[in-house]
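As written, the chain order gives the labels A, B, C and D, with residue 1 at the start of each chain.
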Amino acid sequence: MTDEAWGWEEARWRDVVGRVRAGRPLRPDRWKDGARCAVALSFDADHETSELRGGGTSVGRLAWGEFGARVGVPKILRVLAEREIPATFFVPAVAALLHPAQQLEVIAAGHEIGLHGWIHELNSGLEYEVERDLLQRSAETLEQLVGVRPVGLRTPSWDFSPHTLRIEQELGLEYDSSLMADEDCYELLADGEPTGIVELPVEWIRDDAVYLAMDRFGGIRPHTPPHEVLAIFACEFDRAYADGGVFQLTLHPHVIAYRSRIGILEDLIDHIRGHDDVWFATHRDVAAWARRHAA
Amino acid sequence: MTDEAWGWEEARWRDVVGRVRAGRPLRPDRWKDGARCAVALSFDADHETSELRGGGTSVGRLAWGEFGARVGVPKILRVLAEREIPATFFVPAVAALLHPAQQLEVIAAGHEIGLHGWIHELNSGLEYEVERDLLQRSAETLEQLVGVRPVGLRTPSWDFSPHTLRIEQELGLEYDSSLMADEDCYELLADGEPTGIVELPVEWIRDDAVYLAMDRFGGIRPHTPPHEVLAIFACEFDRAYADGGVFQLTLHPHVIAYRSRIGILEDLIDHIRGHDDVWFATHRDVAAWARRHAA
Amino acid sequence: MTDEAWGWEEARWRDVVGRVRAGRPLRPDRWKDGARCAVALSFDADHETSELRGGGTSVGRLAWGEFGARVGVPKILRVLAEREIPATFFVPAVAALLHPAQQLEVIAAGHEIGLHGWIHELNSGLEYEVERDLLQRSAETLEQLVGVRPVGLRTPSWDFSPHTLRIEQELGLEYDSSLMADEDCYELLADGEPTGIVELPVEWIRDDAVYLAMDRFGGIRPHTPPHEVLAIFACEFDRAYADGGVFQLTLHPHVIAYRSRIGILEDLIDHIRGHDDVWFATHRDVAAWARRHAA
Amino acid sequence: MTDEAWGWEEARWRDVVGRVRAGRPLRPDRWKDGARCAVALSFDADHETSELRGGGTSVGRLAWGEFGARVGVPKILRVLAEREIPATFFVPAVAALLHPAQQLEVIAAGHEIGLHGWIHELNSGLEYEVERDLLQRSAETLEQLVGVRPVGLRTPSWDFSPHTLRIEQELGLEYDSSLMADEDCYELLADGEPTGIVELPVEWIRDDAVYLAMDRFGGIRPHTPPHEVLAIFACEFDRAYADGGVFQLTLHPHVIAYRSRIGILEDLIDHIRGHDDVWFATHRDVAAWARRHAA
């Protein structure tokens, strides 16, 4: 007997596929204040956990992570403040514990903080109990630090395990932002059953690290010129606007905040603000609106 | 005795090279209705089988595959319908079984459905009997679902095994579209003997995934800007038109159908339609014409 | 008990993160002669040690390294001389011993030579005693060759070990240029204590090899067009100028000195020289000024 | 005792570095007929040996190699004939044996055929006797097929072993074109001794496969847009022209001859021909001139 996928029984592949599935679309006719398009910017503030997650202790890569907190987040907060734009920061609990004052600044500026794992761990290698314990402690840690309980999860590396959805339900979360079965919001199904949890979908196309990350010994290089990254993001927005949908974006402080790249964020926001019927909102607010006003 | 290739006997490398070979060119003087150039667009609708094929069960990557069926194919059908263009969809049997209604829509819109393996398996690792059984069951499955028996095969990942050609003959297929010994159609030879099977050649250059795919842990990144992908495809067409040949293209719903990329397809078709003596056709029709009217 | 990072005690990850940290910013109000911006160009003259470092003996890759000394450095010296720009060359001791006359030329032209390891070894795999011995011998070798004791270190491959900072202190170095926790100079902290050592930070973004390196069997390719590399470097300078900060750049003779790339350096310098209040200086002079005049 | 390179004795790394070295530059004041610049185009006609070399038997990749002979070389010969340009084809013996008539066409058109190994083997893994035997048989095979004994070698993958130079001397070759210690011709030294063999240097920068190759399972992608490849090649020529040196280029029939890429070759030649004091010549003629007329 082979265990190769071509030899799997139909029940087996149907079961694997059916665990987590996209349910009904959550596409409002209009967004808040009659806006035509919702814009949900997010920043995954991984900082030192990018290195720690795999047990790494490289001084150089930890300094890179430190850049995210020391230079990246302040620069991003300034760009957002100047343009009066709210956004969502997904922060691993360990990164928040390393930089607690910064989390308060983020909240004070009107932004949302969402869950992003304990130490940026990969969920799919964890037992259910471990994953649940880490996520629960992460929620408690963030709440203790900033006084607001997070209501949404972005799984680290978008690594959504077979247990993640159940844990999101158990923790009472309102939305997830790690999956990509659609370009607009939808309801997540667990083994075919509606869960009430909103998926605000991500996409590699709308992630800065895809184009601009660098991995010295692994062969990843930032080969896409910054102006081309801007053009891709702007085009994603233009069509989301035409569709009356959501434009969701995932950026990283240690990737986007450099002198030659922060202009991508500035110019993108300015391009979007050239349209007067756009609603900039946190992931939480977009997900809530989508759920309540789905057509 | 070494088994390194530099130590192989001449008979051995001649035997390996001679198994499947390009025979006589199948280049008609004119295409249907006197057209100067034939355009054969194809969409490899792998969906969830991209993940399943290797035994993977990642929720995130399955959601990515789901995007292909939920958003990708409908968007592509719309683009084709608006421009009244026929195309060929190569669909693994498992993908068709997961999305049966969609296959009927594809056929109802006048497109062709071709074979693309059972679960997107790699043929070159299979025994002859297994490969044959999977392909036979795939043909029966597609026929049962849509009422039309497929007449052409695109091997998954263009992984054409030493047994594939024999199996194509045994199944009575009319064409293959997995090899690349020419830019225009040719007859396949098996150990030097003509088989009557038409090769409608593919090329990495004319494949969206080459430029735009993303593999989080493997290092593949979508570094080519979309407008450059369009320019490459358009240039391939321009010279095919100048040559009076075939312009064949391989796209994937889970790669091309995003907001910032679907314009590649729209603009490419519009560029081609700027020429009035072009014949848009399914792979089946192009292969049949090439066989019947070869110069 | 797991040793996965998600199971680490808080003391453990705090300890790992705290070893080497960014301390107070060293940002002068004005640079020398009232300049608004400091420009620190560096050339990592690895030559044959790129191949030797890992025990490699490839004739082809050694010839590539030889290019750096035979063609690269002379061409760079000419570009700098024509524009009267000082710069810093970081040279592994073995590369200096292979090309001793060239080191004298570099010094005679008014440039700085800094430490860059013995044979471009990776520090993080070394015992403290070995790393210290290699660096001490490197300093002595360079001093014997050119009569000037180096005062700064760029760790090979920016691989800063947990022992590097202590060794820099023991050797009495004035600055390091291997870390990246900021875009402007800062003081390095060892376990939270100020060390007096200035970090003049590097960044992959400002490194030619990131965009232009080639690794035949490892998959790295020079996919970024030279004019885009120039645009990125120029943008990094423009914002450094706007910030009143430092523009630091890392180039390699065996990467930048080719006919189609040396124009990146020429055009970049000419772009910068279009501003009259810029101070071109060696890393040593920039670090010293930053320490003495920090706001 | 460690065997890490940082622990090597000075004699050891000096010995490794000194085996093959660049000797005196071979830079004539003027090229033939007073030309200011020499242009040496080469085509590595690997065809099926790209797959066979490593023992591979993939039908798909062999078809790709077949493209090089079936479509690639004829198209290239046409481009060269239309512009009356001589070039050098480096052909593995096995590729020549698979396509003997094509080698005669190449010679009849006035081009040179040079050595390129037996089956595109990697030399650095071979014993001296094996490498010598393969190269000797390759030279005899090419001579028997076309009636001209080759006088130059391009090692497959530019993999020049510690034995290659000695074997080149024993076979009485006049030039090598596999190394890269300079941009212009130079004499090769063996352990410090002049060999009389001219190196006509190659460079990854001037190789089409670097930018345009595709390796389905290895992660290499053709991310550089064709017009950017042309711009890099043209810039390499422009500076070679300014230097009064050699512009050498390495192309591959199975890479450059596609509809969207052959224009790189056409446009490049047309750009070069816009200068009237350029000498297009085979590698053999350029090497011979450089040796005889070195300043």
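What to note about this one:
Note that in this section a residue touches a chain if its C-beta (ideal position, glycine included) is under 8 Å from a C-beta of that chain, and two chains touch if they have at least 3 such contacts.
This is a predicted model, so every value here is computed, not measured.
The minimum number of touch steps linking chain A to chain D comes to 2. Centroid distances from chain A, each centroid being the mean of CA atoms, peak for D.
Judged by shared residue numbers over all numbers used at their interface, chain A and chain B contact each other through mostly different positions, with under half in common. The distance from the centre of chain A to the centre of chain C, each centre being the mean of the chain's C-alpha atoms, comes to 34 Å. Distance between chain centres (mean CA atoms), chain B to chain C: 49 Å. Multi-chain contact residues of chain A (touching two or more other chains) are listed as 219, 223, 225.
Every pair of chains meeting the contact definition is listed here: A-B, A-C, B-D, C-D.
Residues 48, 52-55, 57-60, 62-64, 66-67, 70-71, 94, 97-98, 118-119, 121, 126, 130, 134, 214, 216, 219, 221-223, 225-227, 258-263 of chain B are the ones touching chain A in the complex. Every residue of chain C that touches chain A in the complex is listed here, in rising order: 3-6, 8, 10, 13-14, 16-17, 19-22, 124, 155, 157-162, 164-165, 178-183, 203-205, 210-211, 215, 218-220, 223-225, 228, 231-233, 235-236, 238-240, 243.
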